[in-house]
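Structure first, commentary second.
Every chain is named by a letter (A, B, C and D) in the order it is written, and numbering of its residues begins at 1.
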Amino acid sequence: MRQRLLIACPDAAGIIRSVATVLHEAGANIVSSDQYSEDPNEGMFFMRTEFDWEPSAGDLQTLQVGLAQVGQRYDMTMRLTRADDRKRLAIFVSRSSHCLHELLWQWQTGEIQADLTVVAGNHPDHQTTVQRLGIPYVYVPMTRDRRQAAEERLWQAAQSSDLIVLARFMQILSPRFVAGWEGRMINIHHSFLPAFVGADPYRQAFARGVKLIGATAHYVTEELDAGPIIEQDVQRVDHSHRVDDLRRIGSHIERQVLARAVRWHLEDRVLVHGGRTVVFRA
Amino acid sequence: MRQRLLIACPDAAGIIRSVATVLHEAGANIVSSDQYSEDPNEGMFFMRTEFDWEPSAGDLQTLQVGLAQVGQRYDMTMRLTRADDRKRLAIFVSRSSHCLHELLWQWQTGEIQADLTVVAGNHPDHQTTVQRLGIPYVYVPMTRDRRQAAEERLWQAAQSSDLIVLARFMQILSPRFVAGWEGRMINIHHSFLPAFVGADPYRQAFARGVKLIGATAHYVTEELDAGPIIEQDVQRVDHSHRVDDLRRIGSHIERQVLARAVRWHLEDRVLVHGGRTVVFRA
Amino acid sequence: MRQRLLIACPDAAGIIRSVATVLHEAGANIVSSDQYSEDPNEGMFFMRTEFDWEPSAGDLQTLQVGLAQVGQRYDMTMRLTRADDRKRLAIFVSRSSHCLHELLWQWQTGEIQADLTVVAGNHPDHQTTVQRLGIPYVYVPMTRDRRQAAEERLWQAAQSSDLIVLARFMQILSPRFVAGWEGRMINIHHSFLPAFVGADPYRQAFARGVKLIGATAHYVTEELDAGPIIEQDVQRVDHSHRVDDLRRIGSHIERQVLARAVRWHLEDRVLVHGGRTVVFRA
Amino acid sequence: MRQRLLIACPDAAGIIRSVATVLHEAGANIVSSDQYSEDPNEGMFFMRTEFDWEPSAGDLQTLQVGLAQVGQRYDMTMRLTRADDRKRLAIFVSRSSHCLHELLWQWQTGEIQADLTVVAGNHPDHQTTVQRLGIPYVYVPMTRDRRQAAEERLWQAAQSSDLIVLARFMQILSPRFVAGWEGRMINIHHSFLPAFVGADPYRQAFARGVKLIGATAHYVTEELDAGPIIEQDVQRVDHSHRVDDLRRIGSHIERQVLARAVRWHLEDRVLVHGGRTVVFRA
């Protein structure tokens, strides 16, 4: 069984050795190990370890007790997952189809490994496409006077999921909703953040005359478009591109950036600390 | 003699034909011609034409009269330059040497074709390097109480130049100075504008946790870091890069971006309209 | 009616003026005009002009006669198309679905504007997907002993099309077939040509230890992977990527590169000369 | 004292733990640790560890004995260096100055940390520039009839160095010379290898009509342009770029790529195995 161990703690001497020793004594075989140390003297230490483990009698306890002791000694935040434990994924979407489509496609090919539990949209547009794949589609109109009820329905739709992906979902969720999904809700913003926060970033980009446009996948926090950035990318444009060209070119950046961010989250490659992400890329 | 003709005017039918006819009748041979039309129905039209011209008797008048007539008919802003008329270039610099160094280097290799008339700096650091190349170095300390006098000296130093390049010149020039060099003063800002306007953008970029950092060359306008963008570029970074790494990586982006922008300006490839640039790239 | 005029001829003085005059006299309004001159003294001249044209009585003849005269004077190869005349598109495919899928998707969103007449494959895999979109799927098994008959069926399937796209079609077509579709058959090769010609380029790339992998869309010619290149792109990889990772990362480059090349061909942006392409990008 | 430990060995369980334990017991504090495992079941394992170490009495022996034991147990190839032990660098150059210039510049700014012992060239061109920086310049003309003597002089010039950088050195060195500097001589080839091996790659690239050009830094091996690749990069070009444009654009790629490769080598970030490199990037 392939396992993943994620650790964050204040940096100190001996962490790697201690963790490696626990894993070794429990019969695990480390397959890969990535670390990042902010500053050896006083910063945080982050680690992602993949190991193969076919526990014999006693190994489970050795691992649990060992990790608990190490965790306490170094004041660790720790997460242990099984690689074949597929996360449950919910997608929220509005009219634009390109990000949804890319996620569905990479889910079908197995590049995105997750149980796709539900797609919820505030338009009925994607119902047929989604249902044909055997995935429930929840249509939640979001008119002004029934916002709260609508959000309640979205909450229920996603309830049993591990991750919500906002695949160009153009509605703003309440602080309460956002707080309930902290670090587990990914949005794609169609600009190179922090440039062009807010509405219609391609129009803003055109007006400013930038020579590159971009997209940003980030965890959603209460402040709009200000959450920890997971991935960004850009493409060159020039004066001859109109707003519609920027939208078209940008749509291809968006779907690639979002799909990468989702994949990394599902593979437990992303840690958040101090408003920034540590991404242990493959 | 290679000539360059730059035109901006409201779009209309027949412009290309009219200009081409004037050039033809004056004995010119069009070598390249780039156009950009914002919107054929109501926008602006921009054109850059390079032509070879060995005028015989009468040709000069044919060209002058012809262009004047076409210019009046279409309400053109027009600029005619000789390709071998080297522009006069002044560089302002502070402590950081990488942008200055790149410009000096490309000037030596002939990639940047200009008469480098003066380098002015508010630190004495680069005096030896600059003077060794036979270029005058004007050291202008900019303490708070003598700001106006210092700016006056900078003005005089650049007086006879066609273009001022702020090669990481970290002083803010007065609105009067800026107004006097509108469209003829290029700055490099060490971020992907409009992200991270103002001081220490690499520190801002680090704090925000962006996954790409960039640089922007733009014409200087009164509003800080808000002038028309000529060129931008970015490079990928990750969580492991500290502020100093971003500065190092960014310095290489800055010097390339600034050198490209300067070269394009010197080759009459850049037109400004409505706060945006049209860049006719080679 | 938006029209497109493509011209290739030996460079000479007066071409732009002559063409612009003919268009003007026929009542056309030039919307955009791109030229490329290999070498003003002795090379070829290439031009793509878009113009709006609502012909009155006599205009059609003015245009036809005028273009014929200009064409003869300058020894032009010329192509005049209507922008709303959708080209007829055939796609050949084998097992891999990513390129086919991207083309179908961009066709559905209207980014690729064409009449998709047929998809032909040497495996039955994509039949359902294709037929669900209302497009005929022709299954043509290509075993060794029935190669010729199979190719005959492919020929018939594509017969009425203007363009064949080989969307990871892993069979080699006969010289006769290739010759019949010269300049009208686009292939995607999964490497940065001319590196890694032939079979399994990702394995070759892995073995060579390259730090970037790429994809190349090109017109098919008799010599394998040696036809005129329309578009290429790359992405960074490192030592930790195994062959399967390269395949996965590469698949996203392939589909983007192929879709761009197909779109440019359909928009009459590509001219071929001397084994190289001139691409007038938007 | 910052130390760097580089390890290559057949993969096995317990390596990380064993190394970390030795370092811990010798009083070292691991600052960063990068590993790469080809294949946990049967491949090679590579590791780069940086640690701070202020050895007390006995620590040196603990470390030496400990590493020797671990090294033997796992059949390790091992290299231990002090980060502040500057490597000795020799540069060979021909006419082109851009790569030499970039290295000199990054050496002056401290980005490239090395003792620059000598520059040797088969032209006298760069003598003044180099000597002004206090570095010996050895002029070694390489005419056909005195090849062997010339190579002998180059050998002597570089004798005391740890690394030779061929900064656009356009002479082919003998197999004997190459063998003597295996893994310690870096060349920049002005193409995206393995495309365009051999002479005048920009002309080859132009003729093939590629849409991206590149540069490759690699260790020199006996077979021309076939050594392990350390770094590559590319930039977009189009049909309008002539061979000279490719040279100009390419020169900026070359110097960046070469400088990165040299820096990584000097920082002990590069391991070679099976004709490929493992590069532990910062």
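Keep this in mind: a contact is a pair of C-beta atoms (placed from the backbone, for glycine too) under 8 Å apart; a residue touches a chain by one contact, two chains touch by 3 or more.
Every value quoted in this text rests on a predicted model; they were computed, and no experiment measured them.
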Longest centre-to-centre distance from chain C, chain (CA-based): D
Listed pair (A-D, B-D or A-C) duplicating the B-C contact set, over half by residue number: A-D
Separation of mean Cα positions, chain C and chain A [Å, integer]: 37
Chain centre separation (chain C, chain D; CA means) in Å: 41
Numbers and ranges of chain A residues touching at least 2 other chains: 36, 240
Partner chain A, residues of chain B touching it in the complex: 36, 192-196, 207-212, 214, 228-234, 238-240, 275-279, 281
Chain D partner contacts - residues on chain A that touch it in the complex: 13-14, 16-17, 20-21, 23-24, 29-37, 40, 52, 236
Chain D-touching residues of chain B, taken from the complex the two chains share: 97-98, 101, 105, 109, 111, 240-241, 245, 248, 252, 256, 282
